[in-house]
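Here the structure is laid out as structure tokens; the discussion comes afterwards.
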Amino acid sequence: MGKKMKIILKCLLFFFMLMTLSGCLSAREINDLEIVVGIGVDKDEEPGKILLTAQVVKDTAGRASENGSEGDGKAFWNVSSRGNSVFDAVRQITYKTGNRLFISHNKAVIFGYDIAAEGLEEYIDYFLRAHEMRPTALILVAEGRASDILNIKPEIEKFPAFNIAKLVDSYVFTSNFYKVNMKEFASCLMSDTSAQMAPLVSIAQDEESNDIYMSGMVVFKRGKMVGKLTHDEVRGLLWVLGKVTSGVIIVPSPNGQGKAVLEIIKAKSKVTPEIKDGKIVIHIKIKEESSLSEQTTTENLADNKALEKIQEALAEAIRREIMLTFDKSRELDADIFGFGEMLHKKYSKEWKYIKDNWDEIYPTLDLIIDVEARIIKTDLLKKPAVPSEGEK
Amino acid sequence: MSIEKGTISSQQLLFLMAGFVQGSVLLIDFTVGITEHQTWMVILAGLAIAAPVVFSYVVLAKRFPGMNLVQINDMVYGRFLGKAISIYYIFFFMMTLSFNIRDVGELYITFLMPDTPFIFLLIVFTATCAYAVTKGIEVLARVSHLFVVTGMLVITSTFTLLTSQMDFSNFLPLFELPFIRMFQGIHIVSAIPFGETVAFLMIMGCLNKTEHAVKSTFFGLLIGAVSLLIVAVRNTAVLGRTQAIWTAPSFQTIRLIDIGTVLTRMDFLIGIAQTILIFLKCSILFYVLAVALSHLLGLKSYLPLVLPIAGIEVIIAATVFQSPVDHAMITQNAGIIYSAPLIFIFPPLSLLIANIRGLPKNGKG
Amino acid sequence: MFGYILRKIRYFSLKNKNDHMLQNNEPGKDHNEPISHDLKKSLEVIRGILRGSSDITIHEFNFGHNRRYKGALVFIKGMVDMEAIHKNILQPLMYDSLLLQGNVDMDFTKMDTIRKNLISITESQKVTRLGDLLDNLLAGSSILLVNGSKEALAIKPGRRESRSIEEPGTETVVRGPREGFVENVDVNIALIRRKIKDTDLCVEKFVIGDKSKTDIYIVYLKNIANPKLIEEIRIRLERIKTDAILESGYIEQFIEDSPYSIFPTISNSEKPDKVAAKILEGRAAIMVDGTPFVLVVPMVFVESFQSAEDYYARPFLASVIRIIRFLSYIISTLGPAIYVALTVFHQELIPTQLLISIAEGRERVPFPAIMEAFLMLFIFDILREAGVRLPKSVGQTVGIVGALVLGQASVEAGLISPIMVIVVSTTAIASFVVPAQTDSGTILRYIYLILAGIAGGFGVIMGLLATLMHLASLRSFGTPYLWPIVPLDFSGLKDVFIRMPLWIMPERPKAIVWDDVDSYSQSPGLMPSPYKKDSNDSQ
């Protein structure tokens, strides 16, 4: 009994000392956290340095109303610092906050326009490597300085970063831009041929207030920004990628007077690359369903003949959007569609020779687009309220 | 004579084996650096190669019922050579155990609790393993099915939650990588998850009925391999090209789960599953090491060795590598070479010699 | 210094052993001498031994033909039924013996004669040794001594004050019988016998306790319970050498398998239907005189989650409630630990909005989270313990004080955060759902909390693994403690997490019965269905 008890007692003492002396180092009380919800990276005036802006949650969010006189009711604090590298700047923020930043809840990383033009390769590493960063964080480019974007107080949300995340998620409604998270961006960066994309955020200058809105997408090539895509051009891209979820297409009505406005309900795409006689041809097949949501003409569009004509016009419109985007991408010489990777997957042997010359080959690609558009409902009206001349 | 009085049933052997193989799930993440999107092929090939080898283990164990590896070595190779080979095995178990303990420490240090002192994690983990080992193999075998079921649940549920983010074209093109990398990958996979089951040669002596041993072993191996396969497929499908750059692709994959506002941030789930499975693997290795060493030294029970072994293992685990990078490089390149004879050569050789010499003689064993 | 502490511990443990051994060798306590012939002498001896007790009554009287027999009745006033003594002992002896006619001259120095002809009480026992006489006297019998006889008759008056059968205080049910055991072990056995009217029901008696001489019975079904189990119980009971057995808890602590484990390996119950059900499964019940709590061995962990009324209700609700019980146990042991681990170590795992709310709530709190949790748990345990001891009149006030002051006011004062109050109160309420594991739950809660405060999620996982290993290695009289989960047994699993309908569970639990003898307690295939119409029926 003595010997066993001795061993057990010694073990217990050992563990007691171990636990109490060394264990708690990883502990961070919640009050000591500086919860970061958004990060902005800009070029600083000093050459070689960047300005990092972090949007930190203030604990007194609920009690802002108590301190009536002071405080502008902001629930967040944009703290910035300058550093030679991203991590350097992140640590230097502790000069102002007193605690390390807690980046795990970061929703978005916004790069300033100037940094994007210069090239993101130097700055992207920290955001992938830091163990607190999550690959679900969004990446965006600001049309201007990122710190300005983060400063705009939104009307509905408490934090600008939440607001931005919400805005980015709203792509499903219009399909005029799309969401890019860190993992996808990194995946595109790793590819030899694909061009990376990120949503573009701009500030709309109204008389009373500044609101931010999503104004399109930015195209990168090897980390450097090479151009912008407008809303319509992005949709052309999304048709091919099959990521169109909803949106509005306006086509002229069959009789030429007025427009038919259609809401996209569903869209699918199938892309097949093919190497024929030394030339690369991409077959794109789009299947789309929409509904007639509005018409500005008095002609009754809700009959089969009119619908067929509208469907043709619709298919033409979609084709045009795609070609518009493709032309823009040819102009920028950036493979935003990912055709290179598709070729890689299908023709791996040939790919070895093609990939080095992809920049020259890309503009010579041929697209064969086949669109099948259907209108499956006309919402609540069978006939327009304003009857046409012939029916009166 | 047997040091361990407990017996295990063949069903428990199945689960022990499955849990053991599942404990190497993070190992797949290391292999991805070499084999990228062809990891699933490497796993299948590794299984195909390891299966006959494991078969030889089971046949060997069935031929010498109730005897464990050290005793078999003594019988087959004679006293001196047999002891030398047993020492080689013990060295292998010792190093493997410390690598695995270090694995757990690295998992937490890199992802979940980065500021905790490394050795603290090692000590606590090893202490719990030691406690489990003092209870005996029977208790471990009894709870093994819980671990396996939990592991499978976590793996399949994370797979299903990520189906929306999967892109199966990431597997193309097939057969892109040069064969030398595939070969290295196959070597790693067959040696480490599947080959380390040579440790079971120490445990199979405790089976109470050896008729279903072959079936149990195979199903256990299969379940483990299927788990590894699902993990590899999931990681490749979700991460695509980026798989090769993360240190632990499984973790990043789980971090991508974002359904509603509730099912997000589940990285700890895989941390828990991984810890539990490695715990099972380490406990088995620990037990095997303790029993082998006590056989070698002629002790009556393995219990007095548990604490010293625990202390030694912690020290080895804390000091053997400089960083996770070092760990990965050495296990991928050097580790499999010194373990290859133990896994691929000696057991079939023992079987051959036993056949030739007609062992075990009647009445022995 | 270590050696000093260890030596002290050794000294105390040895001292206890020695004291114990000394006690049993007291000479002269056995009183093995026979009863004396002479009545006067016997009475003097008895008076001498029992000098300190003034409640011993000695009533001398004459009876028999021509009143030639001298007799004495010795009894303890409070313990006997006076009416029975008057009517059934003294009256027949003193009056009816006169009426006995006949030529046969009955010899009233033979206790058998008296017993068979005069005493109208059924339970009586002949004693010849002084020790037995005193035992019986102190147990509540009245002793009849006759001058000239070497024997004495110990007559049990047959009634004893005890509580009436009422609803047990600790196990109330919504549906099911509301009988509960009482302190009188004979009544308790009768309650069991009313449920199991089978010849195989065996009741074995033991008397344990040097000074209390408590009656202890093992109750089991002969052909269903494993004979090795009963043998083991016998061995362990006979090993006990102690002064007194005041409650079944004493027996429990002397015979249990793992005295150092915090988990109970012997279950207890106050309800006869529950105990009867367990006996029918092949377990053995240990009944101790003087307490309504009956022990049942062996026990498995999942039993703590089963209550008798699960089986009286239909399976669906019973299954849901079972699951709720399991979840409650998990919440009550792991709740504070997970909260502390998440908010202190792993804040990245909490959704952002929730994290911000928690941070707001904790803003003014001066303590670190683990201290807060510890303090709250501690206060809650104080409240709970006080609640048990409160006189009813003060109960309401203190309840309000506890809730308002400690909860609400502390939050307002900024001592604790509101979410901690929620966590701890949920934990506390959940801890009452599984009453059998309250003691283990309480201790585990603190342990996991400390582990979480030190090592976060890692600590909790290691703690859970260690607990699992410990539970898996426990055995209760041979049955693995985590059966049927750990040695996986599908037939047993039907009743663990959900409660399958009664007609799907025809077998007895295998790990308790062990032999395949008669393992079916009901015939399989009993699923109810409406009357199957004959093809000849017109409808």
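For clarity, chains are labelled A, B and C in written order, and residue numbers in each chain start from 1.
Everything that follows uses one rule, which is that a contact is a pair of C-beta atoms (placed from the backbone, for glycine too) under 8 Å apart; a residue touches a chain by one contact, two chains touch by 3 or more.
Note that the structure is predicted; figures quoted are calculated from it, not measured.
For subunit C, the chain whose average C-alpha position is most distant is A.
Of all the chains shown, the one with its CA centroid nearest the global CA centroid is B. Between the CA-based centres of subunit A and subunit B the separation comes to 41 Å, rounded to the whole angstrom.
Here the CA centre of subunit B is 47 Å from the CA centre of subunit C.
Centre to centre, using the average C-alpha position, subunit A and subunit C are separated by 67 Å. Counting only residues that touch two or more partner chains, subunit B has 113, 116, 120, 124, 264. Shared interface positions of subunit C, defined as residues touching 2 or more other chains, are 345, 348, 455-456, 459.
Residues of subunit A found to touch two or more other chains are 23, 26, 134. Those residues of subunit A whose C-beta lies close enough to touch subunit B in the complex are 7, 15, 18, 22-23, 25-26, 128, 131, 134-136, 183, 186-187, 190-191, 342, 344-346, 348, 351. Interface of subunit C with subunit B (complex): residues 345-346, 348-351, 353, 455-459, 461-462, 465-466, 468-470, 472-473, 480, 482, 485-488.
Across the complex, subunit A is touched by residues 2, 6, 9-10, 13, 343-345, 347-348, 352, 355-356, 358-360, 362-363, 365, 368-369, 450, 453-456, 459 of subunit C. Those residues of subunit B that touch subunit A in the complex are listed here as 110-111, 113-117, 120, 123-124, 127, 169, 172-173, 175-176, 239-242, 245, 252, 255-256, 258, 264, 307. Those residues of subunit A whose C-beta lies close enough to touch subunit C in the complex are 1-2, 5-6, 9-10, 19-20, 23-24, 26-31, 33, 35, 37, 57, 59-63, 102, 104-105, 107, 132, 134.
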